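Here is the structure we will look at, set down as structure tokens.
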């Protein structure tokens, strides 16, 4: 059913529909409205679950870890500093193959201190062994959160649903929230084989010597790589239930005869789509919004780039001293092609800088200028920098 | 698509105003988007929020740079140097003020309607919260949505006597302005 | 007595006294912010030869919107959970470099009671020569009024809202000063922005001590507590006068002094001024029960900390206390 809702509010309702049994809540801007809305549902008796108000994000992740290990469906949300504080626990959760869902309300990472939207936080933990799905719209965030539980519980891997902080979480728009029957039809109750149970005791998190560590990590890697199938299947299954088109690994605008492509993650995709219609005199462009970043869908990206001479990778993060993160991985994937497009990698919108519609012609200008620089921060304003000595 | 920028001070319900307007549009079957100019602001600081209303899904997520209309919740904000930045030619400003529309219009070199929204609210709601009155007047001036849409949106937040008072305020505020005076705005209002 | 413009009048003399200003005006705190007042009083009393480590929270946000800063002292903000640890590092460095500069660690209740608790405990345990000041507004205010372990029992916050089945925060306010005192540090104390000279006295007392010290200052937040900014001092005073926030001093873990309450006020006088307790005044048996709980907490504090005062000069604790210590008046 349709409602006019703030993104966070919609996510809270969606999480409630997934019937979580334990929620760990610790506030951090811009995720706070999600946990607040969940708290209100609990306070009004509308959500029957254990809401644990923890004292830090490290404990938030630890609480959901314990909850899943003890057989409960669990949820938490965080951003930025919180994601980094719980980093050690994130590796632990995935390595122990504990299925859960966490919303990352993407926010820049200190220092300097910023509360605004970029994707440095989730990118910083890309190697933690979680499934990472990036949502381009609030509707996608709602749909993805529900699918995330199915993906997690089928693959026994934790899933991080990345939603641009403020840009999506604090925007009110018209959203379709499924009803309880639809979600119940899609998502069976959580029945975790390896739960802690006195009738069948197991030991979780043991010390593993070199003679077996490689196999354990290898199995994890294989499971995460194969999760692509579960992601695709969950999208198809949910599409059947809700009737809305889902884009499992990435969304491609069209495979027409454009020679230039722009690949991005998250909410910038919407602005680019609107800009493409608005700036008619700019050459035809194929737009791609990457949804699955982990596992990295190299094959799908190669396929989506067929026929392109130039691909722009536009991301909201970077690896200082190296350059783009997504761009580097895309370049590597495309290097397998006989005729790979030239990759132009830009960071944009760091620390929440607004990405206006005219980014679109500016990107094309940069491609035309073709300087051959592998990476640049496209919206950096040089006169704000201190004068070079 | 119509784009509106709302200026207020932290604590005056700046975001709520934007959300109400977008919700009213939704009640009329339109697509809408509303969001604050996100910040760690405190009570009393100038804040802005944006609203987009259209008949097709709204895909862009950037800030509104060229609004067709401004709604100003606190007239002390008129002193801010960039208050009218980006306002389109032919765009108009509705301001919560006991001042004179024509005078303010001359000052700002724009079409201005001044509405004593806080006073109206104080009288009818018992609290000087300007949102309901301003939004109702805005809808009356632009013909963008019927007042009933705003009342439905208010119904999502208020009940009983408070809702009834708000309904009364919607009527009174709409009656205080020239209905349809802004109908020929910068964008055709039915975009 | 001359009029106020007369330099030799009491007012004139007071106005002409130099007063160190560590926190300048022009910052972005809300009207009536208790924390801003507390920070000003602390920096004033501590003087210029101090460096500060400040945890994430309202204080650092409203004082340092780049490129401006309201601080006139050396100051660093790192993260939410590590101010005491950063302070410990600063202290170690200044010691190694043979400097006289003192170190003060500042944090709200979120960082002190919750996420930075570990760092605080470590700093205290290792005996660093650091004063940790906690500005306690009883919730995570900067992120929008979420509960912390310092939030009082039955207070409504956005993550402990009152609702159909809940009466606000279910758990008690963490007794931080006792936990800190259990580290057997030389000095731990509470204070309130309703008693500015008490704050100044305690800051100076703490800094006169070599070793870890702790000051827990009650600082109202008009927005979070739900009262007019003009009432902040009155609200803070009522918290003390009801016994809900006792003003005490502990040395090496033992109660060394307390500020007696001249006229004990019922907790309702304090609670009814704040919308975060509004649900307790509904016609509901559970609400009445919670009011009784809170009154019982206040009564317990009065008894345990001897807040009615049994000394002969029970109404003049300041003077009697000073005489007992054999020292001069501080502030």
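Read from first to last, the chains carry the letters A, B and C; within each, the first residue is number 1.
Going forward, contacts are C-beta pairs under 8 Å (C-beta built on N, C-alpha and C of every residue); 3 or more make two chains touch, one makes a residue touch a chain.
These figures come from a predicted structure and were not determined experimentally.
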{"item": "A-B or B-C, whichever has more C-beta pairs in contact", "value": "A-B"}
{"item": "Per-chain Cα centre nearest the global Cα centre, belonging to chain", "value": "A"}
{"item": "Interchain centroid distance [CA atoms averaged], chain B/chain C, Å", "value": "41"}
{"item": "Separation of mean Cα positions, chain B and chain A [Å, integer]", "value": "34"}
{"item": "Multi-partner residues of chain B (at least 2 other chains)", "value": "40"}
{"item": "Touching two or more other chains - residue numbers and ranges from chain C", "value": "142"}
{"item": "Sites on chain A at which at least two other chains make contact", "value": "29"}
{"item": "Interfacial residue positions of chain A with respect to chain C in the complex", "value": "25-29, 32-33, 35-36, 39-40, 42-45, 53, 55-57, 81, 85, 110-113"}
{"item": "Chain A contact footprint on chain B (complex, rising order)", "value": "18-19, 22-23, 26-27, 31-36, 38, 40, 58-63, 65, 153"}
{"item": "Residues on chain C engaged by chain A in the complex (per definition of touch)", "value": "56, 60, 66, 77-81, 113-115, 117, 140, 142-144, 146-149, 158-166"}
{"item": "In the complex, chain C residues that touch chain B", "value": "28-31, 61-62, 142, 222-223"}
{"item": "Chain C-facing residues of chain B, complex", "value": "11, 40, 42-45"}
